[in-house]
Amino acid sequence: MNHDINIKKLRINCFRQSKVPGEFMLQMRCPGGMIDAKYLSFVQHIAETWGDGSFHIGTRQSLDFCGIKYEDIPAVNAYIRTYIDEIENGVCQVGMEVDEHGYPTIGARNITACIGNHHCICGNINTFELARKIEPLIFPSHYHIKINIAGCPNDCNKAHLCDFGIIGTAKIDYHPERCIGCGACVRACEHGATRVLELNADGRVEKDPCCCVGCAECVKACPAGAWTRRPEPFYRVILGGRTGRQTPRTGKVFLNWASEEVVLAVIGNWHKFSAWVMDYKPEYLHGGHLIDRAGYKKFKELILDGVELNPECLVAEDIYWHETEYRSNFNVKPMRMHHHAGPSNG
Amino acid sequence: MNNPIMPVPCEILSVKQESRHEYTYRVKTDIRPKHGQFLQLSIPKIGEAPISVSGQGDGWLDFTIRSVGKVTNDIFRKRAGDTLFLRGAYGNGWPLEQLAGKHLIFITGGTGLAPVRSLLNHCATDPGFARSVRLIAGFKNEEGIIFAEDLARWQKCFQTTYALDKDEKAGWRTGLVTAFIKEIDFHAFDADYAVLIVGPPVMMKYAGLEAVACGVPEEKIWVSFERKMSCAIGKCGHCRIDETYVCLDGPVFNYQQAKYLVD
Amino acid sequence: MGYLIGKGEDAAFWAKLRQDYDIYAPKRFPKQGRFSDTDIIRYDRVESGAEIVFDEKSDYPAKEVLTPICQAILYFTEDEYRASKASQRPILLFMRPCDIHAMQHQEKIYLENGGVADLYYRRMRERVHIVLMECSEGWDTCFCVSMGTNRVEDYALAVRQTEQGLLFDVREDALKTYFAGQPAADFQPVFVEKNSVSVTVPEIADKELLLKLKEHPFWQQFNGRCESCGACTIACSTCTCFTTRDVIYGDNPAVGERRRVTSSCQVSGFDDMAGGISFRKDAASRMRYKMLHKFRDYKARFGDHHMCVGCGRCTDRCPQFISVTATLEKMAAAVAELSSASK
């Protein structure tokens, strides 16, 4: 083989180099991991026409096709135009230009999601609908961010191992007039959550709200409907988790009890933050590294710029990547309680 | 409207410690229960619990409660002059007309002695009531012994067998009460007798089976059930066994009925 | 004589009714279900017919109006208990036939058992005027026809929801004035004549058979399957069990209230006595206790009919998908097996 191929350019076009020279793997975005089943015929056609006949579900829930010959890429790109347009513009309202040249920016950092409350009895939120709302904020762009959405604090989708992990939570209301004092919630919390409930001498349940993770296991367990979710969903945002050869780590809580508007507004600031950190020259870097480079305090300033926090929303004053936090979440608090560094403005 | 669950305040006349864990409260009241009936005692923070009457006299009655953990702790802070709340009496009590004039055999396990204490005292003070009294009283261990003074007194007027389940005690036997039932010569009573069994459920079950095995006709055996009760008037459901409400139809049952009462 | 209360023209009608009656009916509580983005339908006070859910079975039964899950029954100070007060206002209670029968079944316990009427039940019951919600189809968990609870003859009002509005059949004279001037309409409620499930409750001939049935191994399947959560009994139209609990106000142990709180024979601790004795220690024995109460014991005590009214709410609410009708079939098979063995 004697090709002259710009593999970096192809990577941005969502074709990844194979160990077989001249072959590439196409990675198609699938925001929230949810598409109509009708696209499976698309998948089959691509794999059987240009690929090696197989199909891989990417680790970030992309649709991956191996064995695509370099010379077939234009034909493949022409064919996937419909898919890109229908998914990105139709389903996700991205409003991007779609032509016969395929993806305009690297799409491998697909927004992943568990099945969420579309199906799961544990899910607090519709995960893929959130993914579809986030998609226009982060794609297409040369600044990358890995976002994982988990429907509940069980975090099956590993929100703790990506730049921005979003976990669906619920604020729970207690209706003592419906409580029979059976302790089912207390046992459920002890067994499956953070042991924040206790049955008191009056046969009523007391809660340590600080350590409640908002999973709603109490709601599921209650035979009498004495615990109910508030109608509006809440989110916990986990920041800076990553894998990698050098410094893998688990993310930490950045926002707790954020509203959907806040989550979207914060993600909307990601470009601005990334661009500032990299002096407006996109690099192939995990978002977590950008946070490290800027420092959390600077990150917080830029990412919350113009964001109006909902009253329930708590923000990490610092991120303690390694320190032992004796009290879980003690550091996640209302912004007015954050300490100020440097000269005072007034 | 009449409120059948309204408790009445009763002044505590005296508090007597029976053993390390047992206290007998004497309260001023006009309630005159039948032997074997029970009352509902109000317990702050808890609600209500059934208690059997362990003694009674003109204008007063005794009940004995055991301090077994937090449930009853607040009660133990009460002193003479304080007020307790009671309602009752409830249940059927012992069928005195079927016991009077007969040889009576009492078989008790642990605190099961409390529901028959007033009847035993009645037998002791009115020797004409029963032809004879035989008492087999078993306790788990020395700490579990209640009514020690009564036991000593009854030793003088009844034929008694006192036993600890496993431990040795001077003048006492060692073993479960069921083991001593066969020592009774039921034939000597000439069919004119009744057996009263009170104690924990397992003890009552096996004592009943043992008595039947010894040839005691089922209709001569009487048992008293203890169950959780929240209302004592047949509403709360806690004491129900099949179609039987222990609070209404019991707590005293003839063995012919009791043998079918499986919770 | 029937009336149509037209949709959109009913504000004055409901306002007038509300002046004199508390109206309780099944109402939707959005997003308050067990799982996220699911609703719950339960009884609550409503302002008008628009709030009433007609086309779905309520998750929780009408009994919650008569016997709230939590109810203050007495208030106490150092030397006195006094009964809680209750409103005198009459209640219009919207109920399906199963709920109306369930109320009558509960009355046997609350008003008759032991020859003593419970004050708290009686004073609520005396306020209730029955509004029959026509139920002509039922749902797949219903078995009212088998339990003989599909028809109701005695009611103050009967109601059917139609496209045009609500059709009422007015039986109680005192209510007729509220309908004066409303358009007349021909309406007689119809009833469910056939459910998709039908059951035959087995006859348990004698106490010996009952003892054997209690020990039958088929109950064991509920160990490991039933979670003993009690959701079935909370959702049950006929369960009455409660616990009494004293609550102290603040830090003064001499002042507080006595509450009646719904309890469940399915929840561990229901039969616990001081000293650590309990009787039904596993899910199997608790399930057996409940099933026999619904399909034998109640009838054995009160005579006329079984306790269960076939509303199917226990099946609907069971988080482990235990069906009461399937369980009853298993029980019937066990009874048949034991009966033939003893012949």
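Per-chain numbering from 1; labels A, B and C assigned in written order.
Everything that follows uses one rule, which is that a residue touches a chain if its C-beta (ideal position, glycine included) is under 8 Å from a C-beta of that chain, and two chains touch if they have at least 3 such contacts.
Worth saying up front: this structure is predicted, and the values here are computed from it rather than measured.
Novice: Kindly indicate the chain pair that has more C-beta pairs in contact than all others.
Specialist: Chain pair with the maximum contact count: B-C.
Novice: By mean C-alpha position, what chain is farthest away from chain B?
Specialist: So the chain farthest away from chain B turns out to be A.
Novice: Taking all protein C-alpha atoms shown, work out their mean, then name the chain whose own C-alpha mean is nearest to it.
Specialist: C
Novice: Give, as an integer number of Å, the spacing between the C-alpha centres of chain C and chain A.
Specialist: The answer is 45 Å.
Novice: I'd like to verify one number: the distance from the centre of chain A to the centre of chain B, where each centre is the average of its C-alpha atoms, in whole angstrom.
Specialist: Chain A and chain B have C-alpha centres separated by 67 Å.
Novice: Just the number, please: Cα centre separation of chain B and chain C in whole Å.
Specialist: The computed centroid separation for chain B versus chain C comes out at 38 Å.
Novice: Show the residues in chain C shared as contacts by 2 or more other chains, in ascending order.
Specialist: 243, 245, 247-248, 263
Novice: Which chain B residues touch at least two other chains?
Specialist: In chain B, the residues touching two or more other chains are 45.
Novice: Considering chain A alone, which of its residues make contact with at least two other chains?
Specialist: Counting only residues that touch two or more other chains, chain A contributes 201-202.
Novice: Contact residues on chain C for chain A in the complex?
Specialist: 29-32, 34-37, 40, 42, 59-60, 68-70, 229-231, 233-234, 243, 245, 247-248, 261-264, 267, 269, 317, 319
Novice: Show which residues of chain A lie in contact with chain C when the two form their complex.
Specialist: Those residues of chain A that touch chain C are 117, 121, 123-126, 168, 170, 176-182, 184, 201-204, 216, 219-226, 228-229, 231, 233.
Novice: Which chain C residues qualify as touching chain B in the complex?
Specialist: 73-74, 76, 78-81, 83, 109-110, 113-114, 116-119, 121-123, 207, 210-211, 214, 240-248, 253, 256, 258, 263, 265, 270-275, 277, 279-280, 285, 289, 292-293, 296-298, 300-301
Novice: List the residues on chain B that touch chain C in their complex, please.
Specialist: 1-7, 9, 42-49, 66, 68-69, 71-72, 74, 83, 85, 111, 200-201, 226-228, 230-231, 233-238, 240, 242-245, 247-248, 260, 262-263
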